[in-house]
Amino acid sequence: MGSAVLATRGVSVRFGGVHALADVDFEAEAGAITAIIGPNGAGKTTLLNVISGMVAPSGGSIRFDGRDITAAPAHERARAGMVRTFQNLEIFSNMTVLENVAMGCHGRLSVPAWHSMLRTPRSRRIEADIRREAMEALEFVGMAEYAQATAKDLAFGRQRALELARALAARPRLLLLDEPAAGLNIAETQALAAMIVRIRDTYGLSVILVEHDMELVMGISDAIMVLCFGQTISRGTPTQVQKDPKVVAAYLGGDEE
Amino acid sequence: MDPSSLLQYLITGLTLGSTYGLTALGFTIIFNTTGVINFAQGEFVMLGGMMSVYFTRVLGLGEPVAVVLAVVGATVAGALVERLAIRPVRDCPTINLIIITIGVSILIRGLAMLAWGKDTHVLEPFSGDRPIMVLGAAVMPQALWVLAVSLLLLAGLKAFFSGTIHGKAMLACSHDPKAASLVGIGVQRMVLLSFMISALVGAVGGVILTPITMTSYDVGIMLGLKGFAACILGGLGNPFGAAAGGVILGVLESLGAGFVSSAYKDALAFVILLALLFVKPSGLFGLKDTKRV
Amino acid sequence: MKAAKWVVALVVTLLSGGQVLAADAIRIGAIFSVTGPASFLGEPERNTLVMLQDKVNAAGGVNGQQVEVIVYDDESDVNKCVMAAKKLLDQDGVSVVIGPSISGNTLAISKFFSSAEVPLVSCAAAEKIVKPVDPWVFNTPQLDRHAVTKILQNAKAKGFSKLAILTVSDGYGQAGRAVLNELIPAGGFQLVADEVYGPKDTDMTAQLTKIKGASPDAIICWGTNPGPAVVARNRVQLGLTTPLYMSHGVASDKFIELAGDAAEGLILPAGRLVAVDLVPADHPQKPVLDAYVADYAKAYNAPVSSFGGYAHDAFALVLEAVRKGGSAKAADIRDNLEKIAGFAGVSGVYTYGPENHNGLDESAFIMVTIKNGTWNVTE
Amino acid sequence: MSYRKDMIWLGCFFVLLMLAPAALPNNYFLTILILGCLHSLNAVGLCLLVGHAGQISLGHAGFYGLAAYASAWLSATAGWPVEASMLAGVALTVAVSFLIGMPSLKLKGHYLAMATLGFGIILSILFTETVDITGGPSGFVGIPRLSFFGREVKKDLALYRVVAGVLCLAVWLAFNLLHSRIGRALRALHTSEKAAQAMGVDIARYKLFVFVLSAAFSAVAGVLYAHYLTFIAPSSFGFMFSVELIVMVVLGGMVSVPGAIVGAFFVTVLPEFLRAFENIEVVLFGAILILCMMFMPDGMAGGWNRLWARVRRAWAARGASGAAHG
């Protein structure tokens, strides 16, 4: 398994007395789209939060590109090339679309603060680079024309695309998508699926996908892990997982899904 | 240090702390329904004290009548503040509302100064000023009044919030105003009610404190400041935390003055408050993370 | 650009708002803390000055010239005081200024007066104002040093040796504390406790308990209302029988009202204004005191305060200088102020000189005791 | 607003500041202008901190005072040259704000307000009680006047130009910052700390940076204040002044630097206007504050923008109808 871009070993998370995650081993291979699925409350988003550094695990370790990042804060993980989106849209609502995407370049195109304050030539060059690359990312998701709009004025689907563009502008090696299809209609979901594949193919990055929409997951995933009540109950290719009786039982006995 | 001195410091701190706690209680009630720190809270306390002085001295009313009138007057003032200054801008960001309450406090203070002058006034203690000696420490009868009324108010609020429809509705507003209005609670009415109740609590405090602390048009600033500190110390949103925070602050000040230095007693109290905040970022009895300002 | 238009509009309004005054009147500026924490000083001072202005003008003015008093309120704030001083000097072109009410503000603006060469007659008491002597700066209140000396004389006579002090942490208390710390050891006393309370504090039990532990023969409290009234009350509440001296800062009926029964037996130095009825008829201050009390009662239907007296004396001294020198020019007023000797005012008998810009001594004070809710002279 | 528009505004503002004294008859107005500029300097720093990064501070009066006292003590008591004292005063304040900011900025909302308020009060108690150093409540007397290389800035006019120049410089720095990646990061962490972190923003560092920067602005204002007035007293640096500074920023519209400056001048000058009303002044001030917040919820900057938009619409409508008639 030398090609795993991300691997967790024995990750556990407790909220109060509840085990949100129990001893989870997870791996995502480089260049692959890996999905995490499971019924509501299975701990999918918690796992994503642990991976991205938003939640500290109570046990276990996380390796990214072979480096142990268990103790690294979220912003360092982002700078190391791991960028995520959020299930409940965390766009910078009062900023313009372009500025939102420019935030994606923040960690990568950096310059000491005094350059920015004095607006030195170096700072101006960086700002120009940021602007150019942010526009490229916007063009990639087909939103160049909205560059100057205020983010909160966009339609919901566009806000999702904006989050994706913002993540892309960071040129991540690993993209974490937290329920990117939530709230999208069928057509939009199909476009999203195509977009995710195109992103992977164009930039050669790895994707970890947490998603409820089974059609989307089964359609584009290379590997799937199924969580139930904080524990891994199955893993494999989409076909393997679909046939796994434990998975079927979990979903049927689970809830509304 | 002999034990009777220590006891005296504790008693002093407790009395002082009750004054802070009472102000803090008012802060909590408004914060819980609106998320606003009402900078005019100290002014309600001042109004209670000044009005009872006015009614007894100038109008020559008996103390019980004057006290009731003063509390009613301050409650009306609380209602007016909500109707005239808060309701018209209810959709504004919290910080705007806070600035408005600063304006309200300046306004009320100014009006009080115009109406009643800049002098300091006293009110006769309710049951004389002959101290009761306890193990060599003096306890003022009025201090007992303060403690008793504070406890009564706390118990009353507790009963109100957990036992009455209106109280429960107010709590609901604090948790989720949208949901509250969906289930048919008039959020605006609750906000009005919260201003009235907190003005009432403040005014009662002002009335019972005045015999100990005296009063003048500008006492509200200091009380507001200490009351806010007490609130934060106890954990915003928790009435019992607020009362406890007040008492802790008062005792800290009194012990600081007694054992460390009277010049630095306030500084000492704030140093300890800050240290506690850094260990417990949402106060001693904080219920939940608060929203940002 | 918005700021631009705004400022221009503002300037125009300010300019047009400037008063136009009679050209031949003697212009006297005044800065008092009419509002803010020090309003208990500034309000009677302002009232006194306005009253005296009307009285003098009604009587035909000084040397045939009317007097024009321009009063600004510094709101007890040093920035506002500086602005008021600049306004008086640069815009109103006054030839002398009376005030400010508080020491800090006086110290903040005094150098403007030396450089503008306009005399300033302050109503604040700090020694720093007149020591070292600034040729252009005078003051009228009795110095803290004189009050402390009076208290210590009394304490010595009573055979006290261990003293405790309790002072307020504002400018008044700080100045008193410094003098007390100097004169108590110098007078052969032992200072056993040195406690402080805040200007807004409402309970001094803790400080008094600590003082009690040091078992002094007497306590000296230095502050202005309402703090000392709280101290007096707390002392009784704690059952303390140690004698308590107060400063002249509380020498007003208001203090007795605030302290109530707890004021009984307290001793303090006070100007004669506090007990006008007790001043012998042949005392040089008697006519001045009587007139001031009567005028003030008539004009404001309110009791006088010694603070108003400071403004009274400042105004009277300035007019005396104008009258004597026959000139209302700034430099002449300064020169003639220094020549004033034996001039009876409300606060005492003034004798200024090139090295003495305060003009009073201990004789400006009498020691009084509060008995049955009123003042009694103890010497 | 684009960077270019901001620069044009700054240019106009600078010219206005430099020309203003010519229209003023005397020193009294200069005093107001100088204080207005110093308050603006404070407000611009707070605008970055409160308006953009969303971190409240009720302790900046303490920083203003700390720098003023440090520079006053170094120059008057320790005999340092004024320039060196001012630098040291600012440096000390920056260091102190760093130490205060580190633990405080972990707190949020009202708790952060309380922590900064607490530090502000502790500082102001120190100013009052360390009588031997600060002169205590009656103030610090005999601070040397502002001077450069041994040459004292005697005239108020010259001193005003220095202060106005420093203000413009500070505004320039603020504009540069706001139009850079740092400004974006500050606004981003204001809206969503989670998302900002996910974009690689070290939010603790950025909060601390902007906190220290705003303290530095206040410190620069403080040292200039001390060496302008040559007298300082603790009452100028109390809790109420911190509140007043926040009022200036909010009145200005929170996020607008020009707004903060207008707010600062407004709060500085308004009492001078109201002085004629004597005792009613305080009441009027309170009422005006309430009315401003009611009718200009997004501050003076917002009010101006709306007014301007309306004027432009009216203009366009008139132009259109004119064209139709023609």
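Which chain is which? They are A, B, C and D, in the order written, and residues in each are numbered from 1.
The working rule: a contact is a pair of C-beta atoms (placed from the backbone, for glycine too) under 8 Å apart; a residue touches a chain by one contact, two chains touch by 3 or more.
Since this is a predicted model, take the numbers as computed values, not measurements.
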Most central chain, judged by mean Cα position vs. mean of all protein Cα atoms, is D
Centroid distance [mean C-alpha coordinates] between subunit D and subunit A, Å: 41
Taking the mean of the CA coordinates per chain, how far is subunit A from subunit C in Å? 73
If you average the Cα atoms of subunit A and of subunit B to get two centres, how far apart are those centres in Å? 48
Rounded Å distance, subunit C centre to subunit D centre (Cα mean): 36
Shared-interface residues of subunit B (touching two or more other chains) are 113, 221, 263, 266
Numbers and ranges of subunit A residues touching at least 2 other chains: none
If you look at subunit D, which of its residues touch at least two other chains? 129, 279, 281-282
Mind giving me all the chain pairs that touch? A-D, B-C, B-D, C-D
Where on subunit A is subunit D touching in the complex? 52-54, 73-76, 78-79, 83-84, 86, 90-95, 99, 102-111, 113, 116-119, 123, 126-127, 130, 166, 170
Any idea which subunit C residues touch subunit B in the complex? 35, 37, 39-40, 43, 169, 195-198, 200, 202-203, 205-207, 209-210, 212-213, 225-226, 229-230, 233, 236-239, 254, 257-258, 260-261
For a test of understanding, state which residues of subunit B touch subunit D in their complex under the given definition. 37, 85, 88-89, 92-93, 95-96, 99-100, 102-111, 113-114, 221, 225, 228-229, 232, 236, 263-264, 266-267, 270-271, 273-274, 277-278, 281-283, 289-293
Per the touch rule, the subunit B residues reaching subunit C in their complex are 1-2, 5, 8-9, 11-13, 15-16, 19, 113, 118-122, 129, 131, 133, 138, 140, 209, 212-214, 216, 218-219, 221-222, 253-255, 257-258, 261-263, 265-266
Can you list the subunit D residues touching subunit B in their complex? 54, 56, 103-104, 106-115, 117-119, 121-122, 125-126, 129, 239-240, 243, 246-247, 250-251, 254, 279-290, 293-294, 297
